[in-house]
């Protein structure tokens, strides 16, 4: 491989070099990982402080860091508008390139006669598309994708291997569904009668709005009646569970292993850290944030940050957690106090006796 | 579409209309979602109270609510024996219909010569059935289903796309396995020797009894020796983990993301809410209930309800949780008491000194 | 079936029989499950104590238990070097045998022209291998396995059905990937700008070193830049989540449903029990152990055992848990003390008044 120079790379991202433009660059790496021929980036002052001790050959920095802020730094620097963007642009140059494949509609896929497929959509071998499915333009359906009857997929969607859409799942535009995500399986609904669980038919559907991204092996159940909704721009990480008839607002972001029971609703801009659990019929208010492993049994007001299990407002919970850490000590203090009060009681009794006898 | 009238729909479910029989009905919806041409249902007094404020065109109610209980309600009503059942019956009429497909044994499936398949069983393209497999009558195996050698499936089972049965998995009758469920993977068993984990061969099997339903991406590991058992009528939600050699009783119901370590046993009618975790070799007694996120390290008596982490009987835990909320305040009270006792001590010393000096 | 005798079985594992060599053995079972014609094993004194009450026809024991330790036991015994190993050897004899299949490179698989496949590697129908993939010798890729372009797999690996390797995933030798494991999906990385989450391209890769075993439906995300690494000999159970740019040391063992956020690093020999959650950028020190459901927000020192949420050193946490159980009682004690101090205060006031009035 003929490696590009720092100067050449700087040119591609509109950057100004301070240092050795002739340095050959072998790759892109994170700040703490980069070696003598790697380029890295620092986007804020916290990371700027680590540049001097980094072994990186070169570092991309915000343009306004030129001057005093980088005075003592001997690392080769490249000043750009957006260091992270620039770094990712360069990273792409060092990746093994795979020309976009034009598999068209593979003969080894099953496409039902009543299905309609848009322009420039790639259907890989092993895909199964059932009757009355509609798929838009510019989509890619990787091997093993299953699309149940009457499902609809918009334009420019990517369905990674083994994604399953049960019947009547509606996916908007520019949606990314990662491998083995399952949309539209039956909700967990039973009636307990005569000592058995009778299945309640799950007759609803799923709607995933534009610009959503759904993680690997995440499951989104269909509604019992009506839809389960994932609002526009919402991002779900891997292994997330969304129960039947949940309705998520726009631009939510849920980290891995979050679980929502049935009929949970959320406002826009709700964020859940990993492994959060939410009970059924709860409402998570617009812009609220839930800390990792939080357990939610009651609705959360707009904008609130709650943590812990059972979840409480952050400051309140932190005070409780701190106090909890002192519990063994408090218990000891309490026992000491009890003894002292015992002693005091007997002293007072003595005094009282003395007083009355005197 | 030519919409049916309320009167026509009422007839189909044996209902008596109180109101406008000529109202055209466009669909079925939940009580809080239903519009002027939707029909909904209310099955109990709690939901009955919401009918007046609902925008629903019509509402199915229990027959014995006719009269006083519905006196002031102006919504069109239909009285039936079982409102939820009736509502679901009507919901089916409004769904896009997909005639049951007769794919037979698809030529694009792999069926080993020694496999035996019953009558009216549908094997979709992309299914793989290994040697010595037995499958009963009236089953449906969707694309991507894998059935390992010597596995057995009873009658009238549904295996959704990409369900994987490792070898020697035995599935009863009328079992539903949702997409990407994995039954029979190796249990997590190793011996730590010479600084490495040596794999313990997992030579057991899995038994799923009649009428079970297993959720999407749920995993049930095979036993090391002997079976892992899912008892008759048991329902597991999505993303549940059942470790090797677990033996679940009949009619258990586990919500999403529950995890059981190895060799857990359960009685009949055990219920776990979401994200419960159970340590290995624990027994969950018949009819016990575990609250969401409960962490179980010790066996649970029959009929007990436990919550929290570590789990405790519900009433006990609730008292602890309430007391915990008061901890910061208790800590302050404790410090105040300490100071007061200090003061009292010195007052008493004074008094004692006065007493002895007097 | 013609059952072997205890004597015949003992010979196969180099064991010495104490008891009835002619006993026909029908199968192998766990100690508490074994019947009159089953053989079982006990590897330590704890299990030895259960042998007498077991219904087992015969029991494998460590050779050095011959003599005093087994004096009163009437069960048929077989003394061997390693009872568990011997038992598993015998278990294999009773399993339905499946001769190793030689499917070769199935014509019903898709293998890209630029892919290179080693000797004796079995590629089942329905496998998809993309361009520039390299796979070593003696591997088995079951139906539905997807291998993205430029991915590499070493020798003697097993990829169970529907395993997905995105592009640029590197797997070492003797690695086992269970059904529906997903390696190399995009990390959960976004920049929040103008009210939307913009996707940060995930340009890194995944490295799984030699002798790892990855559970069913476990997901390991690719790095943003650089690799996500699973160190040699590390074992992950089912439904585990490993975030982007995590770097796991050698011989880690994580039980089911553990979740690591991005950029977590671990030393060698780290153990996590089920449902542990670890925040991003945390370091788990060499040889540390985390209890079930532990929530980790700060780095853990080498060799530490931590439990609970928030996690604390085990002994400290146990004290807190015990004290927590006493909280309602402590609260009562505290209130009692308050009243008593009130009383004391007024008594003292009386005394003081008396004192001054006297």
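A, B and C label the chains in the order they appear, each numbered from 1.
Heads up, the rule we're going with is that a residue touches a chain if its C-beta (ideal position, glycine included) is under 8 Å from a C-beta of that chain, and two chains touch if they have at least 3 such contacts.
Just so it is clear, the structure is predicted and the values come from calculations on it, not from any experiment.
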Superposition of chain A upon chain C: rotation angle, C-alpha, nearest 5 degrees: 120
Numbering shared by both copies at the chain C-chain B contact, with half separating same from different: different
Whole-Å separation of chain centres (CA-atom averages), chain B against chain C: 24
Multi-chain contact sites of chain A, meaning residues that touch two or more partners: 126, 144, 162, 180, 217, 239, 257, 275, 309, 324, 327, 330, 334, 337, 341, 344, 348, 351, 355, 358
Of chain C, residues touching chain B in the complex: 28-30, 33, 84, 87-88, 91-92, 95-96, 98, 108, 124-126, 142-144, 160-162, 176, 178-180, 211, 213, 215-217, 233, 235, 237-239, 251, 253, 255-257, 274-275, 292-293, 309, 321, 324-325, 327-328, 330-331, 334, 337-338, 341, 344-345, 348, 351-352, 355, 358
Chain B partner contacts - residues on chain A that touch it in the complex: 110, 126, 128, 130-132, 144, 146, 149-150, 162, 164, 166-168, 180, 182, 185-186, 188, 190-191, 195-197, 199-201, 203, 217, 219, 221, 224-226, 239, 241, 243, 245, 257, 259, 261, 275, 277, 279, 295, 297, 309-310, 312, 319-320, 322-324, 326-327, 330, 333-334, 337, 340-341, 344, 347-348, 351, 354-355, 358
